[in-house]
């Protein structure tokens, strides 16, 4: 379980490589959706990061990456939030987020917020350089090639847009999924097409969002897979919500849950039977 | 100086606005030098490798691409064979034995009398079934013919007749567009082009009706290329 | 006046989603363009390098646009053509009308020109008693329907074949009503026959220009039909209508960009007809126009230079962004309410008609990024849509409820302890409400979501709460 290798809750949770016995320190960026709606994803992420030979801390003063404000044009609040995030995570060797869209915000957009401010630009650059989406961190940074997990059933994988296009997350989750014992991976038709979530888009333009997710749900059902996976909880909730509204039997989970062998909890939007 | 018709004001306003927005001046010597240099040197950029073949390779590639675009391609060993090749094509397609061409020297020197083809000359006014042109060059990279305007090969012949037959010398099939520009510069001078240069890559087509691809939209329904040599 | 309906975007979109003809027509858009573009990009190893090179050429040109415009103008004049400048759409329309009047024009054929749509030239000519005739098949069809184009390269992509048949029957009253028009090729043949006569009769031909080449004073058009060519060589007068950013320096430069244009648009390596026109007929030309005019339009583009929107001026109107956009694929082009739809329209329209009218366009995006991924000129479209959202935010143009909701979220996000307190309570409440079924079919304030989807219920305790508990338990054990 995730609770046997955590760092003591020192102020800022700072650790050095020496203190952690040569293992890099990772600050887990939980993301607001995981924090609020599906904490099990956070625990699955911790288990995986520890399996990759790192020590994980969860700084208490994190809230949101600032993307809702950023994409709504509120640069002032976004910057304030970003300053808090950067400062909070400065003590760690790496920052890892179980989300391509938060990861993309932290890694590729923070620099934009501090243009013209030399000191903060440097801090932001250092922060972004050490920040990764979860699966990309495991495979690209830690060199993970397989996981010790099993999953009886077929899954199909949706490429969430930010992870795919901002961070290049595509082959990594498929590689690890293929190593899960018993798991059958079925490729989703148009896997790289948007699911229609888009943050506030899905509530600002619900009719259009519904058309897009309806099409995605059709493809998911057509794949024949029992379970839908992706690396972004927003997208997952959007797709799960649509599948369930349509009465489809597909289960939806975050890819971390399956990779960490923690897929025994109820799937998204479901309860224990 | 253009603008005499009264748009001098607009011209000055637009150029002035551009300069203000960019934070530059018209007289800046560095900018002028950079622009002059580019216009003079005309650097090439990225030239695809696929057209960089020997003559036989270029002919094969050009033929493949033209046929893929629904043009038909025939090959004759010398120019004297062109009239017979044209006659064969017309017969095979149930077309009347009549073609319209311009004053092109090569085409006009051919033994048309050996066939029963009625040859007329000049620009097309829309009533010709078949136009015959001589392309100055072709581009293997994309399967493209290059035709230039003038009395030799009037541009209307490329578009009005429903069938367009084009003769091109094998040696004129270049690997890339850049070679064609070099050739045209030699012929017309630097910075000068004939009134029209047509780059033709197949018969006319449209997919405007439910994305169904159809040939013969407004230009020729059939394009037949005769490679000579 | 052609109505601008961008402010009614939401209603437009809703109607579009419920339009069976449009939805049937859009099934063709969802895959054909995308697959063909992908195939042709893969088939050319230099494709990515050509995108970089094309971007660099345009950036260099824009940085020196004034000088290249002057160089272009000089060459056009040398070749016997005339260059006219227009700051606004109104000026451009008046210039064109004046040229047509001087030519005694009764009918004017038109090649496809989006700038023509932008300045509403057809309406202007008609009001002056001159008949404009669209010759691009798609444009011809929508002209019959009195509709604007719904796509920047395939104007009638929103129509089914049956609709086209109905339009032809309605408009071509001089033909036998019992004729068979059930096949697409019959429709094409009918249009070809009718338009051929109009091509031959026209007094003036108006085309757009994909590029204006400074080195030689040349306008370039690309078509598959050949209609642009018949438009510009048959009439006595040829008018080229182009905006300032169409200039490229040299023949080699235009060749770079041509290599990515058709591939990005339709997946073809070259459009069937790529035509380079320089001035009126020469002494030995047996065909061609007697007069060659270029009307160069600004209409807000110079203002984009040196601004956050400068990169948008690299656009070559290939429509790759439209074709790959999940929003465009569902609602088609008319919903955007003006000339330019899809992602490029979302960036350009607010600039040209105002963000107060067109604000919905840059907001109706999921920022999936597919547009930027396929743009041959590497335009950062989502970033520029975000810049529009920033302008709206500054000007308080967004709906109040939305702004307030985001304000509350940002307020909390900056105060971690308060955030955890508030979210802890909210998630406990929601978790309790939802724990029986695990999801909500309906929820107050969440109507936008629950109208079409269930909302998964939160677990109850937040991660941070569970984490704190685990830490305490650990400490307890260690003690």
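Read from first to last, the chains carry the letters A, B and C; within each, the first residue is number 1.
Criterion: a contact is a pair of C-beta atoms (placed from the backbone, for glycine too) under 8 Å apart; a residue touches a chain by one contact, two chains touch by 3 or more.
Just so it is clear, the model here is predicted, and its values are computed rather than measured.
The central chain here, found by comparing per-chain C-alpha centres with the mean of all protein C-alpha atoms, is C.
Counting C-beta pairs in contact, the chain pair with the largest number is B-C. Centre-to-centre, using mean CA coordinates, subunit B is 29 Å away from subunit C. Remark: subunit A and subunit B have CA centroids separated by 54 Å (rounded to whole angstrom).
In terms of their C-alpha centroids, the spacing between subunit A and subunit C amounts to 33 Å. Of all residues in subunit B, those touching subunit C in their complex are 1-3, 5, 7, 10-11, 13-15, 17-19, 21-24, 26, 31-32, 34-35, 38-39, 42-50, 65, 69, 102, 122-126, 141-144, 149-151, 154-156, 158-160, 177-178, 181, 191-212, 214, 216-220. Residues of subunit C that touch subunit A in their complex: 10, 13-14, 17, 326-327, 330-331, 363-370, 372-373, 386, 388-394, 398, 402, 406-407, 409-410, 412-416, 419-420, 423, 426-427, 435-439, 441, 446, 448-449, 451-459, 461-464, 466-468, 470-471, 473-474.
Considering their complex, residues 2-3, 6, 9, 30, 32, 34-40, 42-43, 58, 60-64, 66, 68-75, 77-78, 80-81, 84, 161-162, 165-166, 192-194, 196-215, 237-238, 240-242, 244-245, 266, 268-271 of subunit A touch subunit C. Subunit C meets subunit B in the complex at residues 25, 28-29, 32, 44-46, 49-50, 53, 57, 60, 63-71, 73, 75-77, 79, 82-87, 91, 95, 135-138, 141, 154-157, 159-161, 164, 184-185, 187-189, 192, 195-196, 199-200, 214-216, 218, 224-227, 229-230, 233-234, 244, 249-253, 255-256, 258-259, 266, 268-282, 284-288, 296, 298, 302-307.
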